[in-house]
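In what follows, chain A forms one complex with chain B and a second complex with chain C.
The block that comes next holds the complex of A and B.
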């Protein structure tokens, strides 16, 4: 049924945004310089807003209310890719993850803005404008640090090699892939992945970083259907701590 | 009998809490006002940035303003059906931003290209010899720039 296929798609988008938003917020107060502290904190706020837009749409389609959905599920009920739940690590890893993720996300929103589903198209049209700033930020920093010093280049290269198999997991095909493509909801994961490779390659070519041979990598799948690393549950416990003590609390 | 124009006038007094010189009308977030035959008022709003924490506050302020003016039956709806973009900021709003010390977003046609994101006129000396320092700032709707002419940092309301 198309409705279930759409819900599956919306959950993975919303969950990615929520979890990466939370991870980004962990840089608040710890950024390597003030501008980056502000950038990751701002992107955290944007991503939470984006997840809310999709959880609200899911709620209109009969799912639970956004707070309950965000705070009351366990790790195995989350549809995010494993990439976004990994700990923030050092700044080089967070920057590379942000670069790989947001270049994928903007393509997803561009595709969804052409969706035959009007509600989804309206939200995607709005949000892709905001994500442009995230992509601008990531690409600028990767270009600068990817051509700066030996240390910055080798750190980014290592993080790129570590993160890439997880990033390929963003494009884990859904059970409903063909149904969504046939209905014109979006262009599908395989098409997005190809476009994404072109975009990130174009940026990396302007640096001293080398994109590993994708065909030799094993994508990390499973996140879209509830298989997660040991890092997700502690994140959820921390995120929902106040809500679980007092669901009516305002903060 | 209330008209949508009356309601729009009431909303002139509701300001963006983070930029108190800018009314919601001038910000362009009020997307529709209807008064039904029985007097029921519907105000439609849309967020500037989806994650803006001030939006809920603005919605509550709209409700307060309607109540203050004696409107009893109303609803304020927030939706993306007419998404906001920075071209919706009025001329009056742009002037107010400049006087407030925030560079207004450059109006654009069609697709927003990178040049417009990075372009900003210094609100202090009006030079356009400026560079973007970071696309993020103290609120989601602001970016930070540096004026190479008067050597001052300044903020811009981001084009979107």
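The block that comes next holds the complex of A and C.
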């Protein structure tokens, strides 16, 4: 049942993007400076666009239409990692989450752009340029703020330590892991996680931030199969508030 | 999904809300009665997100020193490969790398773009201005006394009409910005109008044009513009229904 395996993969990608896109849009109007407010909001919008691309592909594979899938499910039907549903907190946390998530995302897109599934490869190839900018944005700011002042360094370090176990949850193994790897759909979570560690280490080495020992951390799994924190349902309620007034309305 | 539009509109609304944010003081009886008497002093905004934060207003905010912001950078974009780089506007940033990050989203999130140049404002040499029908080169004093620096290359930008943007016209080798202006006049001998000239040493221009992937989807960002949402038919239909 390769089709089910692919759907499982697409759902987790799309749900991550939708939820993080919505979370990061909460910064609109509150960004640390005007230019960063615009950049952060614009990237949030990119994420929503990416989720739409993958929900559309799922729709073509027989799943519900994108609006219904995005707005009408409850928390336990979402496949996003718990990392992306956490509240935006202060800017240091949102920046670190953006750094950890997008460095993983670009590797996923690079892998998917080589997929044996042509439809997936096409979308990943088209969108990876945007993710490339997201990574450049995150890495540049982490490099700058990770070696700027005592306050910026200690804030980022604290956020890094808090976020890291959740970030490892991005790579929660799927039930269909081996099937997807064997079919050449993508390289699999374990491979992505290893590459990701190399990438984020290389950036952090240029700063005063220290990457905690990964082996000592307990990854936060569960999100991929519907286990979420108490933060997801309120987010969904707010996101779908207008849509649910009249789901049949034409926009 | 209607989300993208919502977000852009949301930004505008939020900016408007913030401008219309009131500080509610218990002592202000007029406001207090209108707002059923808040118990403590906090900022009340039309944006519930702001009100929820229960921010206490600063009693006497210290006056900010002038020019305490980050420095500014000037941004030039290229709409399509092969077209000249054209001025789009400034950004505030700590350094040129961050200036590029901001410029990219500030100036290319909605329009086609295939590359950007960034230069710190302090490195832009600005000529005088001429009228729309004349050339600033013709109004230049004929002899420039310039400090003799080492030879280097300079980027030359022309403004052809007031209200338009400076556009890249050529690169020259010279010993100073003033010298570059003279060299540009001799080599280009441009026909009027040239309303104003900007000159930037090439080494101070950060160029972001090689990563083709990064600009690949900019032609598809139309959904970010209000004009992409064709709603007039629906509005007309709705109005007709209301009348009937």
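Things to note:
Convention: the second predicted complex is superposed on the first by the 247 of 251 C-alpha atoms of A that agree within 3 Å, B and C clash if a C-alpha of one lies under 4 Å from a C-alpha of the other, contacts with A are read in each partner's own complex, and residues count from 1 in each chain.
The definition used in the following text is that a contact is a pair of C-beta atoms (placed from the backbone, for glycine too) under 8 Å apart; a residue touches a chain by one contact, two chains touch by 3 or more.
It should be emphasised that the depicted structure is a prediction, and the values quoted were computed from it without experimental measurement.
Aligning the two structures on chain A places chain B and chain C in a clash.
With both structures placed on the common chain, the touch criterion links A:70 to chain C but leaves chain B unconnected.
After overlaying the two complexes on the shared chain, residue contacts for A:250 are found with chain C alone; chain B is out of touch.
In the superposed pair of complexes, A:50 makes contact with chain B only, with no contact to chain C. Counting the residues of chain A that each partner touches, chain B and chain C differ, and the larger count belongs to C.
In the superposed model, A:28 lies in contact with chain C only, and not with chain B. In the superposed model, A:214 lies in contact with neither chain B nor chain C. Of the two partner chains, chain B and chain C are each touched by A:137. Once the two complexes are laid over each other on the shared chain, residue contacts for A:61 go to neither chain B nor chain C.
With both structures placed on the common chain, the touch criterion links A:202 to neither chain B nor chain C. Residue contacts after overlaying the shared chain place A:128 against chain C, while chain B stays out of touching range. Stretch 94-102 is the one among 94-102, 130-138 or 184-192 where chain C clashes with chain B after the superposition on chain A.
The residues of chain A shared by its contacts with chain B and with chain C are 35, 38-39, 41-43, 45, 48-49, 52, 126-127, 129-130, 132-133, 136-137. Every residue of chain B that touches chain A in the complex is listed here, in rising order: 47, 49-53, 80-81, 83-85, 112, 114, 117, 133-138, 140, 143-144, 158, 160. Of all the residues in chain C, the ones that touch chain A in their complex are 1-4, 6-8, 10-11, 14-15, 17-18, 47, 49, 70, 91-95, 97-98, 101-102, 104-106, 109, 211-217, 223-224, 234.
Those residues of chain A that touch chain B in the complex are listed here as 35, 38-39, 41-43, 45-50, 52-53, 122-123, 125-127, 129-130, 132-133, 136-137. Taken together, the chain A residues at the contact with chain C in this complex read 25-26, 28-30, 33-36, 38-39, 41-45, 48-49, 52, 66-67, 70, 126-130, 132-133, 136-137, 140-141, 144, 242, 250-251.
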